[in-house]
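The structure under discussion appears below in the form of structure tokens.
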């Protein structure tokens, strides 16, 4: 069953409201995370000092956490920011970048899930499988295959933790445990560019800043980002020009393109 | 009254002398700050370990500080670097990125102003208003409107602190308290790209490395950067291609383009 | 004497095996280091927390260290990662970025050489001269001229330390003390882009992940990277478009281009 998400409406709201999206993210893709948020029309802010994260989360409309280059101290700052976000009622997105690769990542990802309220958990297939308790061993930050029904796994994890679970891949799975969206946009070139996964989490955070149904927000965000990717790849000559065209395309993305290309289904 | 700044002459000096410009800057735009300095023909160096910042400032011709992703420890390293710069007599630029957004930023920005000599203070309208004691609350790192005569405010702050004050915006204000330049180059697209503000501070630092009149240096730097931006926007399709063309354009910027486009006035 | 390196074969192996290349690198060029590795077909991972570097090195096929934005704590994490790499027998590349500029850099670079096994030492002419005990004073991270026979110096250092020494420059010197390759590809534009030196170290690490003769790996890596640079510069309008085309070009680099352009000699 095909489902039409309010992509155009949400994009319009982002461009009108310019919500502040606070990040505690990794040092590799921090620029791209900020730029993709700004490109959408929102206002990114990256602040990680434990002494100011509560203040910064206090002026934000969404909080995005990413453990890509975590340290124990950095994760403590994430918790402080998330506590403010939780109190204030703004959505918290957690990208469990590299979960399954080291004990530290697993331990800290579970600590975040247990000690603060995560509203949207996002990762690739092996990262989310690890978060659901599977014994996968990821190879760094790239996905490895998992022999599981990932839709069922995502739904179960979403229900258990009462959060939205997002698994990115050829077909993205977005579920709150009840409604499950399958987003079939995107292109393999996204996997050749460092940071598209992190940027996806930032785009999700930006949409979540303006849409209360967080499964709708996340699925709309992914559709939007991946439609821009599909358009970009047509004009790209490799990963670097692809990234440029992806960001340029997101900046001017409109109803015409979005309406024609959206490939979202209900599981 | 229109004023012609020695943009061409200063750019030539930078390209000939290749001054080292030492940065303690933020983790979001650190690459762009380094690249813009190198593009101008100077030699950027980014070093923040407290154990080496004095040595590094010792071989530099200018020091650029930016509190965009500050921590208390990082600010201590800034002070150490600035003390060496002060002793050596090289100019210190401080970009008060995000001042007014959190108590930590305000406190640390004032500490820097009070404990070391800042030669050029740079920020957007709300950041500088905050540094002048106004009760603005900035939304992260993007400017909010301030109902003040910003020229008068900048002049007063410059006189009080005996430094050059730079307010970037549609019309940039550069003043040492006596002479005030209004730079009217630039394009709104600059506001769509993360890091143009930080890069502007690095460009200012680079010009300050070769020109003793720091108001002239800062106004020339902004004119130069913003003329390149005006040229870039004509060929850009969005923020990412704009940034590429901006850096490419700065690399080859010459007297012909600079002379034709410079829009600098005296207040 | 002209020498043909197995560039095509090694590039094929990288694209087939997708080795994990673990980095503890600097914060300026961390994105480009990751992207260049991914562009070649390998899997970059950047992780620096002392609590996880051993685990991460444990799943990697090569380790790349870069002291560009070092702190004492960061160097301790490098040692921990290198100890795992040494035990596991995977190659460790050290880019002594900025050696000769500050006492901290010199001290920490020598500590790394003395306390763990570095398999490939890489730097520009003044950085490597410093590592060989010469009293050069580098200007930040850019090379200064050294009045020495650099081939002899590299060979001596390689023999003393039983490692491969790589000096990048107009003509790159790669030696294990016995065989010395001179790679004559490349273009001065590489020196106008921040991060080409750091990326070169990452490319070397990626080739070293699939080739046991580390001098062959390093020379092949440089030839490959610099041939892509030569192709890129033909279509570039400045440093930013050059970098884009360099990464795009590496992504599709094939036997035809490589075979035609390779300019490697034996000293």
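For reference, chains read A, B and C in written order, and residue numbers begin at 1 within each chain.
Note that contacts are C-beta pairs under 8 Å (C-beta built on N, C-alpha and C of every residue); 3 or more make two chains touch, one makes a residue touch a chain.
In this text, all values refer to a predicted model and were calculated from it rather than measured experimentally.
> On C-alpha atoms alone, could you tell me the rotation angle mapping subunit A onto subunit B? Nearest 5 degrees is fine.
120
> Same residues or different residues where subunit A meets subunit C? The copies count as same if more than half of the interface numbers are shared.
different
> From the C-alpha centre of subunit A to that of subunit C, how far is it in Å?
Each chain reduced to its C-alpha mean, subunit A and subunit C end up 33 Å apart.
> So which bits of subunit C are touching at least two other chains?
27, 31, 244
> Would you pull the subunit B residues touching subunit C in the complex into a rising list?
On the subunit B side, the touching residues are 18, 20, 22, 27, 30-31, 34-35, 38-39, 43-49, 51-52, 55-56, 59-60, 243-252.
> Quick one: in the complex, what on subunit A touches subunit C?
Subunit A residues touching subunit C: 26-29, 31-32, 68-72, 98, 101-105, 137, 139-142, 192-195, 236-241, 244.
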